[in-house]
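Reading through the structure tokens given below for one structure.
Letters A, B, C and D mark the chains as written, and numbering starts fresh at 1 in each.
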Amino acid sequence: MNNDLLHQYKRIRLQSERICSPLGNEDYVVQPIVDVSPPKWHLGHTTWFFETFILKPFASDYREFDNQYNFVFNSYYETVGARVIRTDRGNLSRPSVSEVFRYRKYIDEQMEHFLSNTSIDEPLRGTIILGLHHEQQHQELLYTDIKYILGHNPLFPAYSVDHEFTKPATNNETPKVIPIPAGIYEIGFKGDGFCFDNECGCHKVYLDDYTITSTLASNREYLDFIHDGGYRDFRYWHAEGWDWVKTNKVNAPLYWHFIDGAWMYYTFKGLKHIDLNEPVCHVSFYEASAFASWKGKRLPTEAEWEIASPNFDWGQRWEWTGSAYLPYPGFKKAAGAIGEYNGKFMVNQMVLRGASVATPDGHSRNTYRNFFHAPHQWQFTGIRLAE
Amino acid sequence: MNNDLLHQYKRIRLQSERICSPLGNEDYVVQPIVDVSPPKWHLGHTTWFFETFILKPFASDYREFDNQYNFVFNSYYETVGARVIRTDRGNLSRPSVSEVFRYRKYIDEQMEHFLSNTSIDEPLRGTIILGLHHEQQHQELLYTDIKYILGHNPLFPAYSVDHEFTKPATNNETPKVIPIPAGIYEIGFKGDGFCFDNECGCHKVYLDDYTITSTLASNREYLDFIHDGGYRDFRYWHAEGWDWVKTNKVNAPLYWHFIDGAWMYYTFKGLKHIDLNEPVCHVSFYEASAFASWKGKRLPTEAEWEIASPNFDWGQRWEWTGSAYLPYPGFKKAAGAIGEYNGKFMVNQMVLRGASVATPDGHSRNTYRNFFHAPHQWQFTGIRLAE
Amino acid sequence: MNNDLLHQYKRIRLQSERICSPLGNEDYVVQPIVDVSPPKWHLGHTTWFFETFILKPFASDYREFDNQYNFVFNSYYETVGARVIRTDRGNLSRPSVSEVFRYRKYIDEQMEHFLSNTSIDEPLRGTIILGLHHEQQHQELLYTDIKYILGHNPLFPAYSVDHEFTKPATNNETPKVIPIPAGIYEIGFKGDGFCFDNECGCHKVYLDDYTITSTLASNREYLDFIHDGGYRDFRYWHAEGWDWVKTNKVNAPLYWHFIDGAWMYYTFKGLKHIDLNEPVCHVSFYEASAFASWKGKRLPTEAEWEIASPNFDWGQRWEWTGSAYLPYPGFKKAAGAIGEYNGKFMVNQMVLRGASVATPDGHSRNTYRNFFHAPHQWQFTGIRLAE
Amino acid sequence: MNNDLLHQYKRIRLQSERICSPLGNEDYVVQPIVDVSPPKWHLGHTTWFFETFILKPFASDYREFDNQYNFVFNSYYETVGARVIRTDRGNLSRPSVSEVFRYRKYIDEQMEHFLSNTSIDEPLRGTIILGLHHEQQHQELLYTDIKYILGHNPLFPAYSVDHEFTKPATNNETPKVIPIPAGIYEIGFKGDGFCFDNECGCHKVYLDDYTITSTLASNREYLDFIHDGGYRDFRYWHAEGWDWVKTNKVNAPLYWHFIDGAWMYYTFKGLKHIDLNEPVCHVSFYEASAFASWKGKRLPTEAEWEIASPNFDWGQRWEWTGSAYLPYPGFKKAAGAIGEYNGKFMVNQMVLRGASVATPDGHSRNTYRNFFHAPHQWQFTGIRLAE
């Protein structure tokens, strides 16, 4: 039964462990900033999803792996016994890495048994598929968080000296400006496959005439912005962005280091010279917006991006848009815990569109709505301009 | 010359001082939270606007009132001589209230002389008009900030025991649900009069079918929300809103106090019992949104509000919308300091539409885009629902 | 009856108001940092002491002035009605300055009536005397807090352009080094007059041979320390002191400003050039200790200071000692609220000995134990060296 | 050559690794609070001491292990290349645990070679001995930090289910009150062996008559304090202690948990019921002082403790004294980096005397001056009373 689903389950679950394979045990544990979770937490949390939403409610003979894992791998784990213990994910040396892998193995065996022997109805199938997409989201976070952990170590250790993403980041296309005529368009997900709830419902929007660039802003252009005093002129910045620049003494994208007269960049292979032809990466919304302002242009809205997207290559960088993350017309939260997935985050964040070199294969759609806070730099973020 | 402008100038400038007339000297000085400025700062800052943008550049014979007032009444005043002095507006006992009034008198005489004797071209006229609208914005802030200062004093002093706003707050209308058909609409300012830069340009939007209520949510309905556990059930709240509720132990709108078994409300006349028929006031975006969610409805977008607005009475409360504060298509910042007026705040704030009982006469338009951060309660904010 | 006490009461109470006489109304209100209280709070709080500890419990016919003043003028005023209002002293525009003066007048009349018509036993007399010394402590705080309020205003307003303290600050004495032989000495208060509880009990200490300087460190010497890189060399500083220097970018005593190539100093007369012969003032314990370390010397202990004090003039500056503020042998807290006066502060503070130009006449003793936290600069503090 | 020293070196260095032997790799990495360092940091830092102060300056043929370890294992490691990277010890996944052990092995071989082949003069010998005592201090910190790391994990993992300290903690002695007569006494280190610079110089003190208890306060007595409302009555507490109780909602010593109606205590063996006869452990200075105040007694001064110490057993708990950590008369910092060892911490900390069950054998003296900040609970601290 469910051969396709089983195959898909195995493939995706394995991929999470593959991403971690170059890590040392210690790399799984630390949490240098609140946004960056320890890799072992990602491995446990995605597993907990299947245990909590599939096995416990639906597998009749299921025996819980460890009844304390719920508050370790849930998002909010504040209480134990009769006393509150405040802790952070990065303070937890236990469960150990090998225990987390045992947990994965146990859940995978149970899931495979369940998938092979159970008749699965549509809603349940939907939840399993959601769990797999959830796992894929955490695969991208594994990349970004591992990069942060190693890239903020003063020894700058490589993740893997010969690491390459499947999708190349460098861009050899000749830049073009793509014009889109005004009119009523439809955006949002429609069709049969999987989408997150925030991509629904498909709805009409009116767009004015606009143009959008066929390529992402390159490191070369971004260096021009730096050299032209972009980080020193408040006129390009939102007021909050300017505060952010001054408070954090920001003068370049994340992972850029000016060493011995040259701009270096921490990559999964270690410190390298900046590649001028590569699309700029690891910029915040504030930086993307200031760069656009310096260029005399602007960021596209998410509707503009989606409508124009068939006309350009995308998938190298998550592209900051000028749209705030808000519900689409007709958006409804699902009932129960699954309903907390997206809706409650729809305030004070900006939408990013596209995908990045770190996005798992098969996890991209041009209706996908990613979202982060304006100051965040640690994702593989980039800039496309509109006018 | 410029008789109309002169008349308008005198009327508006006088109104700021009228608002302050019930205050004691000490009330002009304090700044209980960063968002609330001391009344004397408002009086000085609006005056500084005319000195800086009209008199200094355009009145040939103008002699500056005091060369140190620039960093006292500008938004950012950090440096003096060769040493930085960090201070906050609420730490400045000088200039004294009477000195600020002398400053106003001096500038008013100079402005009246200037307006009476100078030929004023269109751009300059525009800047003067902007200064007057700026003063009117600060008139509403004078009301909200005075309310905060007195309403957070443990003695709960009245502003004036017989104070009444011109516009009554209570609502006797029978509630209706207004349906609006789907279609392309135009929003944004068009016409001849004054508008702020953020209301331009007028542009097309596509709206789906929606309904909007003809009345604001009342204290009665809001009490139902409280009694039904609205502040204790996370499902109604954005994740950030829920954090805000817990961190600040919020359990009611600002100025509500549960005393001896009854809900009291601080008003300009002192502490009063809640009037159940009045539209709820002093709620944050988080509260407005949670209330809407509890009702099974939502907040209107700003476009929906604007298109429907001819069909209902508005002007009692600034109405939170579900729209983030972002630039309209084609929005351009003005050059120079005036260009900082609005654009740089277009991130992480929500739009409010309408006007309130504290909004000066002649300062309302249904294209007006007010904006505050999601947790802010100290403005005269209220709730209208859509579906 | 009680003529002496009555006379003393009137004289001391009047002096608090005299100190405030040059102030504008607005100067009474602000609280620029948590340590600096608004002058009107000092005036109310010292009055509240007499109302709370004398009139309410002992004056049979006493009618409370205002039953809400208890939480306004007590040290901890957090609750009103059924709801907690968090506020700070500097956010309270009411009671107004004139109301506080009416409060003082009312209490003074009641106290004078009480003193004139009541037979007062020894314990009660002790509490009244304590109230007067308490008022004198706040007189010095009025000076230091007014200096902070005006001296941190970017306009640098003078308190009074011809202000002089009774005691001159400048020192014309030839410096000497005073040797004190080892032996058992007695320190602490003994005798008949008033002392605070922390000066008891008188007890024996053993001191080794030591020397102490007859004069305070001058601005000239302190400038040498600055020019010699004193604020840039961590070796002179406690670890916490060095953190304090770096975090706060401290490079001179409080109120020093380097303007147009010269060191200026804010005084009650306004900004003046540094007087090189004056004893340095407004230094923290960290600075006093680093200066001593740079000189190859140390600060005296409080016992060394007290034993040597008959051999030198003191009273210009509160002199930082190397002693932590701890209970003397045999120290007992008094019962009741008065017992909170001193004992509960005996941790993490340093002892200062002597008195300053701002200390009221008749309020000095060589057994007096003043105490502040190590980073505090806003008192009239200075440095005497030992070896 | 130097056989004794070599033997001692090997024995002490081995002991640090023995303490860590029950740990999993992940336990070496985390830093749950700033005071608690990751075990691998302790292992590296103590090794760095020998590399930096012995091998680099004195071993002519020495080749540095890794030139980046200096900023990893020094106390302050802020810079790399041309850019500052801010990080905390607990964010460093590299060097890995096995690399740190390789570092230890390398340094140990080099040190053993050095000690076996070099003639060592007195000052150098002193530095080596200091390094060994430094290592022993970190051995106690390894115990306290490991306890914190495991004891704050919601799984409450045991360090080792059959762990016992050499010194038993339980006390079977009948309590006595020991009287000490007034007089001049001598305190501070004298003699030939090792001592830290803060124990010098030996000096006279005068002590009044006092008594001191022969036993430490027990869990039974401390529970009486809790049951009698000790944590709810401000009168027992310093003002700062009371703030600490309220802010942190403290209601018991560290590691105490009230679970299902019983007080449990996290130990190296896991969660256990409180042993009423054991001396109370993991209390702050604030708690020790409040407990003493509730008993109508006080903490001894460090001089009283030292003089009385031959009359009672000590070594189970570090005993809070009523003395602030200040220099002894005649104290001089050593020149160079070694001079930073103790002196710069002599402000705002309290002295603890004795030793604890976690103190290494041979590392105790009755002149030893340990010191921590008043709120610290994570050391093996206890309470002895005086009067």
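Here, contacts are C-beta pairs under 8 Å (C-beta built on N, C-alpha and C of every residue); 3 or more make two chains touch, one makes a residue touch a chain.
Predicted model, so just to flag it, every value in this text is computed and none were measured.
Visitor: Greatest Cα-centroid separation from subunit D: which chain?
Guide: The chain farthest from subunit D, judged by C-alpha centres, is B.
Visitor: Whole-Å distance, subunit A centre to subunit B centre, using C-alpha means?
Guide: Whole-Å distance between the two chain centres: 37.
Visitor: Give, as an integer number of Å, the spacing between the C-alpha centres of subunit C and subunit A.
Guide: The separation of the two C-alpha centroids amounts to 57 Å.
Visitor: Could you tell me the distance, in whole angstrom, between the mean C-alpha positions of subunit A and subunit D?
Guide: Taking the mean C-alpha position of each chain, the two centres sit 44 Å apart.
Visitor: For subunit A, write out the residues touching at least two other chains, lowest number first.
Guide: Counting only residues that touch two or more other chains, subunit A contributes none.
Visitor: Touch graph across the chains, line, ring, star, complete or other?
Guide: Its topology is that of a ring.
Visitor: Under the stated touch criterion, can you name all the chain pairs that qualify?
Guide: Pairs of chains that touch one another: A-B, A-D, B-C, C-D.
Visitor: Which stretch or stretches of subunit B touch subunit A in the complex?
Guide: For subunit B paired with subunit A, touching residues are 182, 184, 203-206, 208, 235, 237-242, 285-286, 289, 298, 322-324, 326-327, 329-330, 339, 344-348, 350, 374.
Visitor: Can you name the residues of subunit B that touch subunit C in the complex?
Guide: The touching residues are 24-32, 40, 68, 71-72, 77, 80-83, 85, 87-88, 90-97, 149-150, 152-157, 257-260, 264.
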